[in-house]
Amino acid sequence: MGFDLKRRLAAEALGTAILVATVVGAGIMADRLSDDAAVSLLGNTIPTGAILVVLITIFGPISGAHFNPAVTMVFAARREIEPPAAALYVLAQIAGGIAGTLIAHAMFALPVLQLSESVRTGTGQWIAEAVATFGLVLTILAGLRFRADTIPWLVGLYITAAYWFTASTSFANPAVAIARAFSNTFSGIRPTDVPGFIIAEVSGALVATAVVGWMFADRGTSTSPITVRGAE
Amino acid sequence: MGFDLKRRLAAEALGTAILVATVVGAGIMADRLSDDAAVSLLGNTIPTGAILVVLITIFGPISGAHFNPAVTMVFAARREIEPPAAALYVLAQIAGGIAGTLIAHAMFALPVLQLSESVRTGTGQWIAEAVATFGLVLTILAGLRFRADTIPWLVGLYITAAYWFTASTSFANPAVAIARAFSNTFSGIRPTDVPGFIIAEVSGALVATAVVGWMFADRGTSTSPITVRGAE
Amino acid sequence: MGFDLKRRLAAEALGTAILVATVVGAGIMADRLSDDAAVSLLGNTIPTGAILVVLITIFGPISGAHFNPAVTMVFAARREIEPPAAALYVLAQIAGGIAGTLIAHAMFALPVLQLSESVRTGTGQWIAEAVATFGLVLTILAGLRFRADTIPWLVGLYITAAYWFTASTSFANPAVAIARAFSNTFSGIRPTDVPGFIIAEVSGALVATAVVGWMFADRGTSTSPITVRGAE
Amino acid sequence: MGFDLKRRLAAEALGTAILVATVVGAGIMADRLSDDAAVSLLGNTIPTGAILVVLITIFGPISGAHFNPAVTMVFAARREIEPPAAALYVLAQIAGGIAGTLIAHAMFALPVLQLSESVRTGTGQWIAEAVATFGLVLTILAGLRFRADTIPWLVGLYITAAYWFTASTSFANPAVAIARAFSNTFSGIRPTDVPGFIIAEVSGALVATAVVGWMFADRGTSTSPITVRGAE
């Protein structure tokens, strides 16, 4: 890494703050403007997918652009980040995420401090979060393996899809789940429901790490006609 | 290919599962949230297009990312995959697709096993499926010929368009059609209507293969100003 | 050109057919599914932008992917296509466009032959078509000058925007205008209103050609930090 | 720069005119067609994001494609543009922006000269504009540092997100704010509210410049796995 830990942590915190401000802020905007819940979800999905492409591109070269404790955990398990730095990353992500929620509230002239009352629990929701995070980690690790330059797009597009195909609208991120507990708006989650989400997310991430470990272990280099930029 | 057959089949099964989980899951989500059928279709289109870019990018280097028996058939006809492997690809795609339907049901807390009652039949629908698959195979073969690195985007964008311009919302994929027969939700198709769809899809694929065989057979290399990455 | 004229004309006809089938077909689908005209326009815009990226990528290396008599006229004026070939291009585009309309009708089980009754006339509409085509030609010529590899995206995105910011929903294409006269559906135009559109489109194209001729005539090569791929 | 000042100013004026014509024109179109304000905002967001990718790609090599006095001010502060040229850039942007509003009105057959009566004021709105412009400048400077070739996409996607996550729908541009004061339509802003927006925008831009100055100042070159195209 060309950047020192202080700057890497700042990038993780600022990036997670902007990500959460987008999720929460767009949720408030979309919910205010429409009576059709699918239109509101579109108004939440498109901004979130778009900002992920931006944030991963601009912070990736500094910190790796995790913005997500489940992702940092996976890289720690793969020994691609040292455990003390990983722990600090997670703290920066959580602090940044909460700050993002507060900024969104300030912009929309709402009480800055809130706690969500949105119930998000049950087996379906937990399966959904495990599937969502499984897919996210699969996307990141496979992307890094084959086309590292496209990671920002892959993650933005994956989350765009996962908002709709998972019953939980794909939080897929423990720091974002914690931050969303502080907003009693469209995108909120009741604090008591957060632990269930985090357990499901971590489970999905671990399964994805194992699947990728097996599936992508080949002897040589891929000779597929699809150009493998990351390996050039 | 740098990857063994076992991993290639796993990639086909997992990729088709995620694709179908997206089609079926986003269909359920969109249908639940909106009373406007066009909004629901947007909520189905955008996730499907997005996930195709992701899946083709991450599984392309392993298995070629067919996820579609009509596509595998085309590559077999062009002798780019050996017939026994092609047969196993098709089985993996069908099994993966059905698994994707079941996972979507589990996430949305619906009965896991269902059979669709959605009528999708008639000349218009069959013409639509033939046109849809014609366009898909044309896109893939022309993309491979001129800009192989853009295939994931081309397929994602093509399907985004075809959801709307074909009267059938463009299944264009026998494995996906079979999998969707197992879901009595927004994206389902009555089992008795599946054979008509498959015949139309295979017909469209064959015509596209013939057209491409003629149209792209030139003597030398293209000197068009549009850069031809795949040929570099 | 590495491709003979016969194949280039086939590419122009087939590409224009698919483009028009998308415009007309998506218009029918969107109009049937929604009571909200803006949702219908979104359901028309997104497929059209998406298919343009695909069609220009896959047919560009064969014919240049004009699909538009105004564009062919501009290239003839710049002596980048010989006049007899240009005339045949225009005929192929018109024939292909009409075929696209008929295919869309067949897919949606509508009478194949129709004439539009949609009134699209007046100064505002003509200014809009002139502006729309001005912008399209500017985009194409500037794109070719600086970033030829991005032309498919630039055109797809430009038309996505122009559907909304021009009062006419941006036909910007005489062949498409003629083809749309044959459809009494969402995207149709009354035959008597077509000449006004064509005159406005050609005017806008000529102004753009002049503006580009002046603006992009510099002495040396751009040294802007934005990488100029087309010039590499 | 390979282009003389006259052409650079023309590019700034024309680009800002097309940008504002898109914002105002798409606003009129979307507002006319829908009763759902979130659908209208989607119909404003998607065209604006799309046209930004186009305009920055085609004018970037000529003038740098600022289209925004706050951006020009940042480059002047970084001594990347000489002050007299910067002043002329700002004048060209303002003149072009106002022309864009008038063209939009002409296309939609509205009175060409208007003044907005839309109230856009208050602390929430000002925080939103500061945040919006902070993010825009961060995106541009970080993009230039790491992936200059992706700037058109980053800006288009950033604005796509910012339309929704900021309470002000992200003007983030003093020239656009002035131009929108001349339209009493969906996207207008009361003239008396413009100064508050401009102050907030300039503040956000200055903070972003400072943050970037610190965060991106590393000793060597990034060795992140994400390819840094701009530095190749």
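Each chain carries a letter (A, B, C and D) given by its place in the written order, and its residues are counted from 1.
One rule holds for everything that comes next: a contact is a pair of C-beta atoms (placed from the backbone, for glycine too) under 8 Å apart; a residue touches a chain by one contact, two chains touch by 3 or more.
Chains and their UniProt names: A, B, C, D = Glycerol uptake facilitator-like aquaporin.
Since we're looking at a predicted model, the values are computed, not measured.
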item	value
Classification of the subunit A:subunit B interface as same or different, half of numbers criterion	different
Chain whose Cα centroid lies at the greatest distance from that of subunit A	C
Subunit A and subunit B: spacing of chain centres that average the CA atoms, whole Å	27
Centre distance in Å when subunit B and subunit D are each reduced to the mean of their C-alpha atoms	38
Residue list for subunit D, restricted to those that touch at least two other chains	36, 39, 42, 46, 229
Overall pattern in which the protein chains touch one another (line/ring/star/complete/other)	ring
For the subunit A and subunit D complex, residues of the former touching the latter	1-4, 7, 10-11, 14, 18, 21-22, 24-26, 28-30, 33-36, 39-40, 42-44, 46-48, 50-51, 53-54, 57-62, 64, 103-104, 106-109, 144, 148-149, 151-152, 156, 229-230
Complex contacts: residues of subunit B adjacent to subunit C	36-39, 41-42, 45-46, 49, 122-124, 127-128, 131, 135, 138-139, 142-143, 146-147, 150, 153-154, 157-158, 160-168, 211, 214-216, 218-229
